[in-house]
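These are the structures in question, set out in turn.
Okay, so chain A shows up in both of these, paired with chain B first and chain C after.
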Partner chain A sequence: MSDRQAKIRELAAAALAEDRVDYFIGWKQGINPSEAIPAFVRSADEVDQLIWNPLSHHNLTTFLKRKMPDPPNARIGVCVKGCDSRTLVALLQEELVDKERIYVVGVPCDGVIDRRRVEKEFADEVVDISFSGDVVTATTRCGDSKEFAKGDMTFDHCNTCRYPNPVYADDMAADPVPEPEDRTPMWGSIEEFEALSPAEKDAKLADAFETCIRCFACIHACPVCVCWDQCVNRCRRPALVGQRVDTKENLMFQMVHMFHVAGRCPSCGACDRACPVEIPLYLLHRKMNKELYDMLGFEPGVSLEEKPAFQTFKLDDPFGEH
Partner chain B sequence: MKFLAQDKLQAFLGHLAGESRVVAPVKGDDGVVLFRPWSPGTEVELDVLLPKQSAKEFVLRQSETYLRYGYAMEGEAAAQVDDSHEAKVVLDDPAERKAAQDTAVTAHAALVVEPVNDAPAQVIFGLRPCDARGFVQMDNVFGGYGGFYFDPYYNAKREATTLVAVTCRDPRSTCFCTSVQGGPASTEGADVLFTQVEGGFAVEALTDKGETLLASAEFVDAAQAQVLYAETVKETAEARVDAAFDLEGIQEHLRANIEDPGWHDLAMRCISCGTCTYVCPNCYCFNITDEMVEGRGERIRTWDNCFNPSYTLETSGHNPRDTKSNRFRNRFSHKFWYYPEKYDSLLCSGCGRCITHCPTRIDIREVLSVMGSERTAVPATTGEEA
Partner chain C sequence: MAQATDTTQAAGTTPPDAGDEVKVVGIVCNWCSYAGADGAGTARLKQEFEMRLLRVPCTGRIDPLFAIKAFEKGADGVLISGCHPGDCHYSEGNYYARRKFELLDRMLPFLGVEPDRFKYTWVSASEGARWQKVVNEFVGKVKALGPREGRAL
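Coming up: the complex of A and B.
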């Protein structure tokens, strides 16, 4: 693990020292060692703040999308995990990011910790999370400490991940980690959802979206939501999505997002992790991914040469029947 | 000072619920604690210090209906205006609908407008002193301070609301109430203050409204030991909140640093969402829209926020805060510079939710430590504003 951290620092320092990038985006420790946050490094002598550990959940590709770079024409170095690289590939497929302006460091990933799941094991504030092999130790402000098996605390989408190694990178921070032999997607709880009756589905969705506060963290954190600052969900001419905050309108807003990023979104879960009220948003996107896979055999962002599902048309594409 | 035994809490809330709506921190099935309407038998969650959202929503509603409107044909009563939550599509067949609309227009149908201002009595139980102070700071804006606008919607709800605060026992590392003129046992804004002591709560009424609440039979006079215990809880909590930044000269520094290039660095990891403002007990910006379906609709007020890229979009198409760092700067400047200038108070009560809920953990304490002090940097040359 620390090898990858050392290599990230080395590659970042070289890119900055050789003036190949204006700034380099990686991860650093947050307020305390229980969390990692995005780091923006501007010079080679600042690379020691960069870290890599199972808390490095942020999909940093978000900071490459339209109107995020500062200045707008910045040359940027960025670290990507497997899922992050798929969102980057999706952006590159549609030329939504200029390949010439980015330098990509790929980081093989062993799964990322769902910090909120750890948090719920305590009433007190978690201030430290450390790792030793497959054991995760969490400590609170009052000094309570508990150990967990890492596999119990990783995100759902990590447990079903089939692309732990970046599918696109200029340089790699380590040799690839072992990949699953069978790459057939696993859809987890989606199949349970599909088995429900329409009324049960309605109830489940209503329950999930009732608490949405329409803060838009999901779409802003989403690396492939590129019209984020010109969003139809806020637009009043035409007024396609109501501004009232209630279950129905909230769901409508999320459905718009789901359809709009379909074919680009590999359900990396960035939306989900950004949500302040913990709505399991990635399930919507995973459902869409399942539809795309079942109908077209398409997986978003796995190959630079491929065109996204909704950017191509073939006469033998199935229409609704499959 | 009164005492309420732990096992009497449900009975007390039950009494309140008989007369008004009770709102309290409740843990959902997903483990998320939020202020939710309380019903008898529901457990009140006080071990988790702060619910994910502040209690602001129950006074400054996230969606507030100002009025309902619609067209009524001659002879029809105003009752035709739909009073359900949403405007209904009256006719299913598009052709019929079109015909009905055409008739309405040719017959010069009367516009029926029905003002709405629902403000049922409610008690918000279990909010922390920082959340209670948040209301005081919003009162300045909506309450007609110094002859400014008096908002009937906010004030009707504020008037109908009783705030029962609970002293913080274990402040979080992100709490900074003591740096913004508050504290874990601050009484400002609250009607009653509960302090958790052995076996229950030491309770003090702070206003007449609060006094009425304590008339309930569940309360007994607090013993001297309980009073002393409560004092210790308050002092211990106070000592646990770290000093975060210095308020001295902060307005002047923020004004002087408005073009400082440091804003760009601080805003780099901001994704320009509105989470910090929506979980904030003090942020009050809103938008007004007409939500209309088939000629009937509602005029509503919904929360808006200064990170929203269209927040300052002008009719001409010009947007004075078109970049992320410009929008970022506004939130801190508003809270610690323009608002204090106008109302002689801060627009922050130090709950720290903006830190813990920020998707990238932007820390208001860090921002204010840097930009709220004297900077020696040269003026911006890399300005996006250029």
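Coming up: the complex of A and C.
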């Protein structure tokens, strides 16, 4: 773990010292040692704050879509995990990020920890999470401490991950980790939901979306949601989504997001992690990707040469009436 | 008045009771399906009267969100129809659209909408009879399901 961290610092320091980038985006320790937060490093002396551990869950590609135009010519270094790199490739496919102005450090990933899952094991606030091998030790403010197997605490989408190594990177922070031989995607826990009757699905969705406070954290955190001020979710004309916060409008809001990132979203899970009320957004996105794969054999953000599913067509697409 | 009675009898239905009626939205392209529907009307082909048509320039203009919005606002069924693949007035609009509608068709059951409440199909300007068949079949299925009572969508 730490050799990847050392290599990230080394690559970041070199890029900053040689003035190849204006700033470098990585992860640093949060206010307490139980969380990692994004770090913006602007000089080679500051690279020691960069870390890499299984808490580094943030998809830093999000900052590229936001920072690219401001300042307009910034050259940015960024760290990506496997899933992050797929969102980056999706942005590059559509030229939403300028390839010439970014420097990408790829980090092979063994899965990241779902901090919320750890928190739910305690009544008290978790203030420290440390790792040794595959054991995760979490400690609370009153000194209560428990050990967990890392595999039990990783995100759902890490357990079904097919791309642990970045698919696109200028430099790698370590040798690639072993990849699964079978690249057929797995869809994790959506089957359970799929098996419900229409009325049960409706009830479950309504219960989940009733709590949405429309904070927009999901679309801010989403690396492939790029319209910003032109977003139909925030304008009154066309009135696709109303201002009123109710269950139907909330789901409509999420539908706008979902259909607009279709073909670009590789289900990196950034929206799920950002949601303060824990709406199971993965259900929608994973289902969408499952159906896209089923329809077209298409996986978003896997190769730079590929065109996104909805920007192209085939005369003999195998569905619909002919 | 006599004509209206004819229409309902020919479709094999009686006028619905208040509150029982289903609302079906048809989103059709200007060049094929709208003209086809027009042809069906001109030929006096009896159709289910719950269908409300929305005309758009091309199926390529139809965002899947239009259908979702219609369901959200209380539609009981949504039918999308355009030119047959290869016949698009703008050459390729319906090819792009086909992918979007297929995804929508697969997503809607996941959102708690019964599969029979959504359909996308192709009807050309000369296929008035086919339009009649499509509408009667689709609306018939939606009627069998009855009005929707979704909380989420």
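For this structure, a couple of remarks:
Quick note on the criterion: the second predicted complex is superposed on the first by the 312 of 322 C-alpha atoms of A that agree within 3 Å, B and C clash if a C-alpha of one lies under 4 Å from a C-alpha of the other, contacts with A are read in each partner's own complex, and residues count from 1 in each chain.
One rule holds for everything that comes next: a contact is a pair of C-beta atoms (placed from the backbone, for glycine too) under 8 Å apart; a residue touches a chain by one contact, two chains touch by 3 or more.
This is a predicted model, so every value here is computed, not measured.
With both structures placed on the common chain, the touch criterion links A:240 to chain C but leaves chain B unconnected. Of the two partner chains placed by superposition, only chain C is touched by A:287; chain B is not.
When the two complexes are overlaid on their common chain A, residue A:206 makes contact with chain C while staying clear of chain B. After overlaying the two complexes on the shared chain, residue contacts for A:180 are found with neither chain B nor chain C. A count of residues in chain A touched by chain B and by chain C gives the higher number to B. Using the contact criterion defined above for the overlaid structures, shared-chain residue A:251 touches chain C, although it does not reach chain B. In the superposition on chain A, A:127 makes contact with chain B only, while chain C stays out of contact range.
Of the two partner chains, chain B is the only one that A:230 touches; chain C does not reach it. Contact with neither chain B nor chain C is seen for A:151 once the two complexes are overlaid on the shared chain. In the superposition on chain A, chain A positions 248 are in contact with chain B in one complex as well as with chain C in the other. Note for the complex: chain C touches chain A at residues 63-65, 68-69, 72, 84-86, 92, 95-96, 98-104, 106-107, 109-114, 120-122, 150-153. Residue ranges of chain B in contact with chain A, taken from their complex: 28, 30-32, 34, 47-49, 52-53, 62-63, 85-86, 170, 172-174, 264-265, 267-269, 271-275, 277-279, 287, 289, 291-292, 298, 300, 302-303, 305, 308-310, 323-325, 355, 357, 359-361, 363, 382, 384.
By the touch criterion given at the top, residues 23, 30-32, 35, 37-40, 58, 62-63, 67-68, 70-72, 120, 123-125, 127, 141-142, 211, 213-217, 219-221, 228-230, 234, 236, 239, 242-246, 248, 273-274, 276-278 of chain A touch chain B in their complex. Those residues of chain A whose C-beta lies close enough to touch chain C in the complex are 193-194, 198-203, 205-206, 209, 240, 247-249, 251-252, 255-256, 259, 262, 283-284, 287-288, 291-292, 294-296, 309-310, 313-315, 317, 319-322.
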